[in-house]
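Each of the next two complexes has chain A plus one more chain, namely chain B in the first and chain C in the second.
Let's look at the complex of A and B:
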């Protein structure tokens, strides 16, 4: 059986953790600001909120969930899952838009 | 694993008593607990199926009313899909044999494994409770299509909660297998030294992990719609019923491959053993498992060709559906090529494997007929679909599971069943199965719709033939199970390797010791199928 006890563990510094947290807070503030400023432009607000939410999810996955410091395989897995999910959305939307 | 764990006790003998089973962390015991539970539910499902066939022996009301018939086929579907065929091969043989085939002592997360089994039991209790509470079992069909599932007074909420809980069991099993395959392979066992059954479980596990949450949330939406009238799927309050069908089939079509891929894994184990030949195209079979899992995600729309989906979407899904036939055909060609010029020994497991190929081909090719847009307009919601589905699921996966039961039986119990009776039961099963389901393909082409307790007089003869087939099938099943139970109790000792296989599970004792191997097993040079021929 393989011995996994010798694998490297990356310790994330306080600086990196705090920086990520600060980034997440700024993006949250940006979401609120855009929704208030562009209240009449519903589509733009939704698109902006989704883009910001995706960015925040990537930040959490990369830093808080250690994806950045882990084996490349896990990033590939996440990419495949993201593509899969996007495909579900795309194929369903094709039906809706062309019905 | 310690270097030497020599003990004469096998995993049955290490601990005694019902509690030692119910809370066991041993993957082999958990696998057997799944076996006993799954076979029990299978027999309930078979009984419901026999009752349905009896109702259909003649036009008009025979033994049950229309509503009872609707509830019977729904419960038959829910039990057979969620309690039998989805968990069957991964939960039973995957649990029992995956760690042994990888040369390790257990799955990576044994406590999670036990939790999966308990979730399975709780989900099963939810499903069966619909029989005794309220207005009885759901009458929607196992697909719970909205808006009817939102409106009917039968026990839809309990039924979908059962499916929701069973989904969690499935997800946890898939997660466990992925971690086990990544982390616990024996030293020296690379990805392409893994048995093909492990490859098929790996592909299956990804589907379980990624697709099952979608059905979970969709079923919760049904509950929310029934309880609060949210307006998701019911057009009367602004919802879209086709959205439900999209969400349902995004899971439920990949789920067909949760059912089929492990069966293909069993066939890939049986054929080289009984043909005494190296498997033809190992990598092609391994990659095709992953390809089926991947392409299988994108074909769900073929269930919705007549549901009001757009023309563009229908064309896209039709093309994608034809594509999934390619990796499936690769497997079939490789199995046949493996048998070509082999020293074929027609033992019961091999007979089941050959029946699998024959019946699965009929199931697969009738699937291509349904994938064609024009043909599907005529055949959708007819008995052709019922025949096609049962050829894939029962004629394919069911027969592969029976093959697996006969193949690994001597390893699990250390005893052998009666070979002659096993072959006789096999003959009855093949005859009964084809008599039961082939007439359905013809009935469907003639235009007989499915899911009705009544039919027009011109369909009578083929329905009688089908019902008689169901009786032969039932006799075959009873013969097979009695023979296996007798073999379990008083069969002759089988030894370590009665079939002369070279894969890893046959190196250890029968039944295996608690930690599977007395010492670290030696991998076969040249891979798990390196026969001399």
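Let's look at the complex of A and C:
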């Protein structure tokens, strides 16, 4: 029992942690640059900012929060919550756009 | 009532259950902030021009610095878990102290950001704020509420990490009993995650 649980534990290397940090930094630089440079493309920057933010969120969840190495259950649960929240968001947006 | 002693009494350690419990708690946090984000999107859709004008009051440089601080502190927590798993307790404690310093730096930055705005009279109830158009009022109300709630989470997360440092020092949190450190890390990463969305939505409207 004890040995079994130890086997499953994955140790994320310092290198992987640093790599994730580097990726997050580059994405932050990108989102600031897009926002400051593309002031005229209003709708594009909102979508771009959200796409970049979501990419960063997935990086944090998969590597820093160990979702990539954890049991599948955690990924499924997070997916369900994300879908639940997205449906709230979608319903509200559809409501406001159809008035 | 019959007296009996559970065979494992006092030694219950179930990392999977505590992690599952932590995630369930994090889901409630996601929905708490999620609700606020929905409010934000509705008001922004109705008042897009006012939101844009109000956002010019925010300092992108300060927001970017705080983003860098939080991402780096997330890395130091993640590395502290790696260090403790490898049995390097001293290094893990040092990394957690660095995380706490980052948390304090974040709050100091936030303090200056808020006080500059309050000096200019931009706070619900103040003179300059009362003279603003409705859309801008909504923007600043949401700005104070959401970044304030987020700052509260930073404080709670920092206290949590403080307890973990004490736990490692007293030998209660070790490579074999790492659950508390992992859970404090999960909480800290969630706080980072929320900021990842707050930053572009408040500072980078263009």
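Convention: the second predicted complex is superposed on the first by the 92 of 99 C-alpha atoms of A that agree within 3 Å, B and C clash if a C-alpha of one lies under 4 Å from a C-alpha of the other, contacts with A are read in each partner's own complex, and residues count from 1 in each chain.
Going forward, a contact is a pair of C-beta atoms (placed from the backbone, for glycine too) under 8 Å apart; a residue touches a chain by one contact, two chains touch by 3 or more.
Remember, it's a predicted structure, so these values are computed and weren't measured experimentally.
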Partner chain in contact with A:87 - chain B first, chain C second, else both or neither: first
Which superposed partner A:72 touches (first chain B, second chain C, both, neither): neither
First, second, both or neither for A:98, with chain B first and chain C second: first
Which of chain B and chain C A:25 touches, first, second, both or neither: second
Chain touching more of chain A, residue-wise (chain B, chain C): C
Touching partner for A:13 - first (chain B), second (chain C), both, neither: second
Which superposed partner A:56 touches (first chain B, second chain C, both, neither): second
Touching both chain C and chain B, counted on chain A across the two superposed complexes: 81, 84, 88, 92, 96-97
Interfacial residue positions of chain A with respect to chain B in the complex: 1-2, 4, 81, 84, 87-88, 91-92, 94-99
Chain A-touching residues of chain B, taken from the complex the two chains share: 1, 104-105, 183-187, 210, 214, 242-243, 246, 250, 297-298, 301, 308-313, 316-317
Interfacial residue positions of chain A with respect to chain C in the complex: 5, 9, 11-14, 17-18, 20-21, 24-25, 28, 31-32, 35-36, 38-39, 42, 45-46, 49-50, 52-53, 56-57, 60-61, 63-66, 70-71, 73-74, 77-78, 81, 84-85, 88-89, 92-93, 96-97
Residues of chain C touching chain A in the complex: 15-16, 19-20, 23, 27, 30-31, 34-35, 37-38, 41-42, 45-46, 60, 64, 67-68, 71-72, 74-75, 77-79, 81-82, 85-86, 182, 185-186, 189-190, 192-193, 196-197, 199-201, 204-206
